[in-house]
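Quick one: the structure is below, questions incoming.
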Amino acid sequence: MASAIEVNDFSFRYQGDKRYALKHLDFAIRQGEFFCVVGANGSGKSTLCNALVGLVPHYFTGKTRGEIVVDGTKVSESTVADLSSTIGLVFQNPFNQLSYTAGSVAEELAYGLGNHGVERSEMLERVDTVARLMRIEHILHRNPLELSGGQVQRVALGSVFILEPRILVLDECTTQLDPLGGEEIFDVVQRLNKDGVTIVMVDHDMERVARCADTVMVLDQGEIVALGTPREVFTSPTLGEHGVSAPDYVSISRALVEDGWDIPNIEITEEPTVAMVRGLLR
Amino acid sequence: MMTTEHPGGMPSRTGSRGFDAFVPRYTVVERMHPITKILAVFCLGLSAMSWPTPWLGLALVVALFAVSFLAKMPREFAKIMFGFGVPISVMLLFIQGCYSPRNVTFIADLGFAKLGLEGILYATKLVVTLLVFLGSFYLMNKTTYTGRLVAALTASGLPAKMGYLVLASLNVVPQMQRRMSVIQEAQSARGLRTSGGLIARIKAYLPLMGPVVMSSLTDAQERGMTLETRGFGIRGVKKTSYVEVQYTVLDRTANWLLLTFFILVLVVSTLMRLGVIPAWGGN
Amino acid sequence: MNIEITELEHVYPTGERALSGIGVTMAGTEPVAIIGQNGAGKTTLAKHLNGILKPSGGRITIDGVDIGDRATCEWAKKIGYAFQNPADQLFLDSVRKEFEFGPRQIGMPKEQIEERVVRVAELVGLQHKLDVHPFDLTPVEKRFCTIGAVVMMDPEAIVFDEPTCGQDLDGNRRLERIISELRDSGKLCITISHDMKFVTANFSRVILMCRGQVLLDGPARSVFAQTDILKQSFVAPPPITRVAQKAGLPDTVFGVDALITALKQERDRRG
């Protein structure tokens, strides 16, 4: 299967910084994969997200080594705007994703299309499609600045997705939302992934990561310290050293083992853990 | 079909909106092309200015009141016109009436100064010209969704970055106001006195500046990132717009009428001033 | 410290009714967590506690004094509020100055301020960063700087507004230590939070709000046992608690150890 993203020995140091924010990152993300990145604060997750869409090095200047290739295009040889139709970025603060030039959600969604010179008739079609996808048809006429955080985040996601990228990068985009808002976004993201969109998601919620990720990558001080399936990563004994906790379910399994119970497997998600505990009661 | 015919959004829960100027009222005036309305401001205002006497301006002001009815905002319009017009009239009439160098014929004696006719006429013309400019600008502003205005200007050649600046600043100000009040709350929770005399209040505002500026800068940076990812500034691509602005027959007719009117006024005023035609309505 | 809230109502200038008849008492040092979906009124309620918002109806008294009898800046001495976004509260050019600002505003004697700076810096883990500019701190450190600045004023109660937002493992651990130390020194800790792991690990009393009303108010264990009401309010118990509930364990448990104990008890009970 072709790679959606190839990161080849990539290192980056911000202008004026002594330390490299990213060091010798080398990995690939397959098309259609659900790829999660976790790590302590300051581990370089956001920098990586910015590097995937070209904000590093085109917007945030600094010293780059190595290369990132997105859908066959070298990031360093392209521009952020050109890459925006291949790879989209949604970040943490939903309000900062707005263009501040739109009086309605529909205009907000269409903004990026206007910049790309898309014909108005096609614009209208895409706005309708994306609104349905993001479940925001009922607020198309509202002023985006007056929506709740969860709604704004969906508008933001919609306005990125309307450019029809096949890869979406989500940088902790549920942190500022309440659990319901987070679930709504996540619901949309999963549906997009089912449709074949490659997802690169940075998240703090390990239970969610364990549930949905195909691959998990752990960053610590700009380096990859773990890369594998959720099971491989979350059952690793050295995980805690890198400032990352495993999902609670793992601690349940581990504690049971320590306490002398006989369990078939270390479970990392909820349903299997529940089934396991039920089994122990019989 | 979900597309919006009348952009501008619905009123908000916090009582402040991004686009404060525009509340849709679904009138003919609203539907007119923004550039036609701008043309109207210039043509009407300059016409009032060039006509030698106040009468044309006065007629235009009456006409603008009629337009305000069409735009369904007669009360607000009257408020602005009288609210500005009355004090400025009194002031100018007094100053020009008593102290204008043009004064030759005196119509009244106030004791400390004499009121001159020429001065009063001059003042009247000034006031009326100002009112024509003010009134037409106000109507244009209140009946034009800024998004449409910028789209129209951009289509006529306004650089995209300028258009962005106009729209974004309109929205950023209320956003900054919101941040200000959040930050004010946060500081009062640290014992900062935010009420009291003027000096006390100024002292109270200083600690707010830091967070407001910093948060605005951080926001600005993130917003810059957003714009990049949305393709802002792509070169070599003709921009399109969701907000559609089209010239209708009404607009084209209005444009012609306005221009013709202005040129006529200009010609006739010049002839009147040159003495070729007798002055109409007094000197 | 005794906070009495009776029939509290709050209507925003837009006409939105954020609180409809809240009746709650907070006293002593038992840490309280206010939970509920966004828009439930949690922050609105919390902002009444130090007088930032004033009631539209009903009453709040703090140690017998009506909240409206004093200005917000005066209540800062009694009730501290650590805002959700640290950037909203930090504006001076060193951590030390941030720490000294609040106490000076409320008239704390100089020697007391100096002594407290050392202790508070250690409590929040910034003892080596006292002369650093707050904007050069990491996001986690910024939050602890805000908390420190509030603790410096030595209030009897502190409200923590979404303190775990954006925190990582290390940050959460430090936060837990801070709350337990504050509790041990007689302070009332109140939090608004979405993070159920954080809430159940540190707060023995939980108030669940929904649409401007209090739905549940009591020991965390009993609140989280009411799964139907929680579901209606879009609140979910933390993962370990959920596992125990779904597996059929009768008790509401928090934490792995409690789960194992409950498991053993249930197995023995079933024979």
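Letters are used for the chains, namely A, B and C, taken in the order the chains are written, and counting of residues starts over at 1 for each.
The rule is short, and it goes like this: contacts are C-beta pairs under 8 Å (C-beta built on N, C-alpha and C of every residue); 3 or more make two chains touch, one makes a residue touch a chain.
It should be emphasised that the depicted structure is a prediction, and the values quoted were computed from it without experimental measurement.
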| remark: Strictly by count of touching C-beta pairs, the top pair is A-B
| Measuring between mean CA coordinates, which chain is farthest from chain C? | B
| request: Could you grab the centroid distance between chain A and chain C? Build each centroid from C-alpha atoms only and quote it in angstrom. | output: 30
| note | Expressed in whole Å, how far the mean CA point of chain B lies from that of chain C is 48
| request: List the centre-to-centre spacing of chain A and chain B in whole Å, with centres computed as mean CA coordinates. | output: 45
| Multi-partner residues of chain B (each touching 2 or more other chains) | 12-14
| said: If we count contacts the way the header does, which residues on chain C are in touch with chain A in the complex? | reply: 37-39, 138-140, 165-171, 194, 197, 234-236, 238-240, 242-244, 246-249, 256-257, 259-260, 263, 266-267, 270
| task | Going by the contact rule at the top, pick out the chain C residues touching chain B in the complex. | result | 12-14, 16, 47, 50, 52, 71-74, 76-77, 80-81, 83, 85, 87-92, 101-102, 105-106, 135, 149-150, 153
| note | Within their complex, chain B touches chain C through residues 12-15, 179, 182-183, 185-195, 207-211, 214-215, 218
| message | Please output the residues of chain A touching chain C within their complex, sorted ascending. | response | 40-42, 92, 148-150, 172, 175-181, 204, 207, 240, 243-245, 247-249, 251-252, 255-256, 259, 270, 273-274, 277-278, 280-281
| request: Spell out the residues on chain A that touch chain B in their complex, using ranges where they run on. | output: 50, 53, 55, 58-59, 80-82, 84, 88-89, 91, 93, 95-104, 106-107, 110-120, 123-124, 127-128, 131, 137, 140-146, 159-160, 163
